[in-house]
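Heads up: the structure comes next, in structure tokens.
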Amino acid sequence: MKNRIRLIVPIITQGLRTEAHAAALGDDDTEISFVTIDNGPETIEGEFDEVFAKPDTVAKIIQAEQDGVDAVIIDCMGDPGLAAAREAVAIPVLGPCQTAMHVASMLGHRFSVVTVLCRLHPLLDNLASIYGVSGKMTSVRSVDIPVIELDKDPERLCRALAEQSIRAIEDDGADVIILGCTGMDGLADAIENELMKARLSGVPVIDPINAAISLAKALLRSKLSHSKRAFGYPRRKKIKGFNLPTYGNEE
Amino acid sequence: MKNRIRLIVPIITQGLRTEAHAAALGDDDTEISFVTIDNGPETIEGEFDEVFAKPDTVAKIIQAEQDGVDAVIIDCMGDPGLAAAREAVAIPVLGPCQTAMHVASMLGHRFSVVTVLCRLHPLLDNLASIYGVSGKMTSVRSVDIPVIELDKDPERLCRALAEQSIRAIEDDGADVIILGCTGMDGLADAIENELMKARLSGVPVIDPINAAISLAKALLRSKLSHSKRAFGYPRRKKIKGFNLPTYGNEE
Amino acid sequence: MKNRIRLIVPIITQGLRTEAHAAALGDDDTEISFVTIDNGPETIEGEFDEVFAKPDTVAKIIQAEQDGVDAVIIDCMGDPGLAAAREAVAIPVLGPCQTAMHVASMLGHRFSVVTVLCRLHPLLDNLASIYGVSGKMTSVRSVDIPVIELDKDPERLCRALAEQSIRAIEDDGADVIILGCTGMDGLADAIENELMKARLSGVPVIDPINAAISLAKALLRSKLSHSKRAFGYPRRKKIKGFNLPTYGNEE
Amino acid sequence: MKNRIRLIVPIITQGLRTEAHAAALGDDDTEISFVTIDNGPETIEGEFDEVFAKPDTVAKIIQAEQDGVDAVIIDCMGDPGLAAAREAVAIPVLGPCQTAMHVASMLGHRFSVVTVLCRLHPLLDNLASIYGVSGKMTSVRSVDIPVIELDKDPERLCRALAEQSIRAIEDDGADVIILGCTGMDGLADAIENELMKARLSGVPVIDPINAAISLAKALLRSKLSHSKRAFGYPRRKKIKGFNLPTYGNEE
Amino acid sequence: MKNRIRLIVPIITQGLRTEAHAAALGDDDTEISFVTIDNGPETIEGEFDEVFAKPDTVAKIIQAEQDGVDAVIIDCMGDPGLAAAREAVAIPVLGPCQTAMHVASMLGHRFSVVTVLCRLHPLLDNLASIYGVSGKMTSVRSVDIPVIELDKDPERLCRALAEQSIRAIEDDGADVIILGCTGMDGLADAIENELMKARLSGVPVIDPINAAISLAKALLRSKLSHSKRAFGYPRRKKIKGFNLPTYGNEE
Amino acid sequence: MKNRIRLIVPIITQGLRTEAHAAALGDDDTEISFVTIDNGPETIEGEFDEVFAKPDTVAKIIQAEQDGVDAVIIDCMGDPGLAAAREAVAIPVLGPCQTAMHVASMLGHRFSVVTVLCRLHPLLDNLASIYGVSGKMTSVRSVDIPVIELDKDPERLCRALAEQSIRAIEDDGADVIILGCTGMDGLADAIENELMKARLSGVPVIDPINAAISLAKALLRSKLSHSKRAFGYPRRKKIKGFNLPTYGNEE
């Protein structure tokens, strides 16, 4: 039977993920679905945006578990709602940032994240701290292109990513690069090519959504999920103003 | 002119803060007001609850700035929405957890936080990491009493807090204690007395709300607020499903 | 086409891995083979033993790449020869210790490793440092049973593992357990059951070989391997006393 | 009743603090006095100078407590004698360096200290370690002007401070600046203006003496002082060659 | 020619070091002299005492260099005046605490310091931070005997040291023990014997004064001294109230 | 009686150490011998080479102990086989890297290692982590000259070392330099001279082999060796393919 993995797109903008796209991310034994949240921000570019993205993201993850989905991935590099969703459900919930940072830590000596805007540096720094891999992250860099413009000029994006990746390698000592926005997915090969042209071959470029899907499959194969001792079910209580599916509760 | 400081109570339960209470927290040149959020959870006991507390907390903080309030304090030890609110406004926004952890770091060699439930240990651990004071925190301990029951049996609460504080001092090497829930406010003196009875005098017990109010005054006196370079204004964008006051935006 | 993954057993003792065993570790699209080294120690219980295990382990990994194997796993929790083998080949080389530590870091807040002998604690501590996850590891514990006796009394082993896991959870604050010797494989479910009996449910118990196989598949699926910038090909030079397959060399 | 706070100037040079200056630092409910030590160095520019500044600084702090002063601030960024004075008295003793570093940690993501001479970098680095905020300090920079010349050419000082602050922000990633010598007090606004001209607005510039006074008031308001468990009273013993006021002693 | 090493006893109590004692510490090619300071405290048991011990300690070290001594050791585990003295002179100045901590770090995996009084724990913790070996120190323990009583009942001292060392090994995971007061010198063998009786053989017990003398010889042999870039000569300036030999000055 | 110290040259290349050279390293009361391994690589330039150097290195160290040698030094900056050899013998086994890093930590505030090739940076980084001094190491730099060419053009080597040392001091804040390959021995004075010409005087340049010999003497003088609790004797077991002297075994 196929693994059923669902991407939760934590912004209200339609069209960033399409059926075709989701299908392309799947494989013979993995079915990828996706849902976009109904309430929340257009894009996520900081802590403020995340606050409004999280409630419906968590709700959609509870719904995913009730729909019988096997694992869930939050489709954003800030991993908005990751800990909260893990409290609410038992199926694996993956954040592309957490996954990519740990995969990068396993593949090299020092990694850099190349993201969209410099205003995200503290946020990514803090995530590295919480995920326990600060010592492996040598820098966060950015291309200075807002999320909403990522699609507009793919060549400019690619060039900027390559440029920052080269500086991460040469100036910061990185030997693994993480694409720092899930909207950059599909570009890893192109960046690796650019690096090779700059005589910097052998540097893995990690596409976080792709990595998260592969890791979700790995967890399912090993029958592993997050620790419910670390992420215990919330006590059920009144929550006003939000339409939540009934969520698991141990009490 | 008086400093106007507003407490944002990030839960919908009424009556935990009262006018009388707020008045008691103020002083000759400080006026303390409070607002309770309209949408969100009854109590906060984990990451899940926080997700639903944050949106209206942030909205109420934007409103506070527009009301001409001088500084804002989020009335919960998880500091829900702290970073997001700082992005949205320029007036000082304080979290009692961050404030208490830094004050404790200044007053002693190692501090412990004694909170309500052990399910909060990872959350407080992560905050210490992000706030940069992990090396000063020797332990998080808990009394195993849910937030909603804190008021029911003050003696039991006090006894349990003293017991865990004594263990924090003797077993974990703490020399400063932080009360780990803003619902424990007003108990610092009683715990210090209990510690003295156990021949453990001279250990400051920090009441985080009280500390946050004093620190808010300190920042106002020094005309300091959070760095807008670290917490840049969010780009204004469509945010569906939330009623937000117009918020500052540099674009 | 099936993924071809090879376990390298870095000790000369036969029979710890069998064809049946390897088959059981595989799945529909994964073929697991294994080789045992020809020269080296009977078991590995420290840095001394590892020194004699590494040369043939590395040689067998070079051979595996030349045989067209897709990925290699070193079948020992000390990950002997991991960095050296990665220098020599381009296919993914996984260590069960590194893999389990990063997977544990992703699944919980703090993990413990329960291994065979206390003499291995410094070695595992050092690996956690190098792998960058010291902050996530709360303790190393041991059952005080030599590797060669692991098979003799499975019930005693299981009891001892459960006992140490319980202490790791209750005394050290662990919420994920890693079985600290690949000779303990297949016991994860049994330990989880014991934990449940002790009312400590929801704590993942990670079987490192199983996790490494799943992660190898994940890397292959994402076309990722270790960074050749971090693990550059060795310059070819005379190496006396060892029979090495020709190994890749960029010079 | 007014808070009585006393600055202890730990050098023998007269005129750096004046009555007018102290008055300007006070406010409606705070009276600032100051004393200059009788024995010690002309200026403090390293560990050597500090050794001769500390004895009388500590003596003057004991005297301050006996004079009924409410809190004491050591008027030097090296915080000379801070721990020793805290052992000797119960009233709050504040160091501008410790205070500024913790306030900066609360206001931003990463701070830099801009001090007088590069020979002070190790000293400030070590203080950040002991105060537990190394992870928040991104750099120490210096203007290469000796303490005694700070007053001679204010414009040159201001220009140099602005220049180093800009480099701290742009090259080191700082988002909060600490003026690294209490002799630089009063310049924070000017530096913020310079930063704004360089299009680096929103970066708080912390004047450590001002911050320490505000924090002393905060501690007094919250009835908090340093932990006497961390800084226990010294056993009374013979101390030859120094004229000390009788100091508190628990024996 | 013999190495001339001088111990600086940073307390005014006579008789703790004797000519016979110093001779016993020397060897065929090492002449050990000692001086006791003229002004300062009777014993050192905290930061307060240190403040009054440092000035004459530093003066005596400047004098030692002018007397043609080859290297100097500060005879106290708090290393009082170490950094300041290194600024003032070019000959090697060693602290027994720094030396013992680094030697312990080289000999084992984790060390503990067993000192006189628990009030010294923060001081030793802070030294470990500054010396850069916090990660190797697993605990500080104390025997609760004041310095002045160390000589009174050697058997009680020895028993208490053994007891705390055993707990350090068994409970804290130490595998090297540092005697935490230079007044405990000569006891290392006795403690090792006690450990052997408790079946804890093979644990080095470091006598810090002995280790510092051996290391001073090592530095002299390798013609190494502290970095004058890290510990630059102080600018010569007026220092009132202290009789200082002329000290080196680069200006 | 003379100290007998033996260098173990962990590569098969003859002539890098000569009798004359060894004699020059000794002194009146120290006899330096050396052995070159029989099996292993020509040079060591990474983890791969080390794997093949370690077995005979460890064997030669066991032999040294049986020959009555007093202490052993592994003549390579990667310290290959250090932990394993310490398990096998009781006499002090020193690694030049570990020794130099700790000596450097004692002499300055921050040190840099200047090594042969950039491919060694991760290896040296990892050693600093394991040795517990990462916080003291500010950078690893390299001259980009393979080991085998070090002797060919001493002037070029010296110039390149000086250049990288200058950058380590000026750009990375180093105040102590470690020569990062034992093949660079004898060059410390020349580099110090070059630094002086660049007006960077007072920066110790550590020659690791020289430092290791001096420290071996220090340990012998203090009758200290590595902890056998940290480096316990290996259980004797079958090790196929290696000719090992009988090694100590506690069983």
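Here the chain labels run A, B, C, D, E and F in written order, and each chain numbers its own residues starting at 1.
The rule is short, and it goes like this: contacts are C-beta pairs under 8 Å (C-beta built on N, C-alpha and C of every residue); 3 or more make two chains touch, one makes a residue touch a chain.
Since we're looking at a predicted model, the values are computed, not measured.
Annotation of chain C and chain E: jointly contacted by B, F, touch as defined at the top. Across the two interfaces under comparison, B-E and A-C, the one joined by more C-beta contacts turns out to be A-C.
Of all residue numbers seen at the chain D-chain E contact, over half occur in both copies; the interface is built from largely matching residues.
Rounded to whole angstrom, the centroid-to-centroid distance between chain B and chain F, based on C-alpha atoms, equals 52 Å. Averaged C-alpha coordinates put the centre of chain C at 30 Å from the centre of chain F. Annotation for chain C: residues touching 2 or more other chains are 109, 122, 230-232.
Applying the touch criterion to all chain pairs gives A-B, A-C, A-D, A-F, B-C, B-D, B-E, C-E, C-F, D-E, D-F, E-F.
Against chain B, the residues of chain A that register as touching in their complex are 12, 38-43, 45-52, 54-56, 58, 81, 83-88, 119, 122-123, 126, 129-130, 146, 230-232, 234-235, 237-242, 247.
Remark: chain E residues 121-122, 125 touch chain B in the complex.
Across the complex, chain A is touched by residues 109, 173 of chain D. Contacts from chain A toward chain C in the complex involve residues 27-29, 98-99, 102-103, 105-110, 131-136, 169, 175-176, 200-204, 206-207, 210-211, 213-215, 217-219, 221-222, 224-232.
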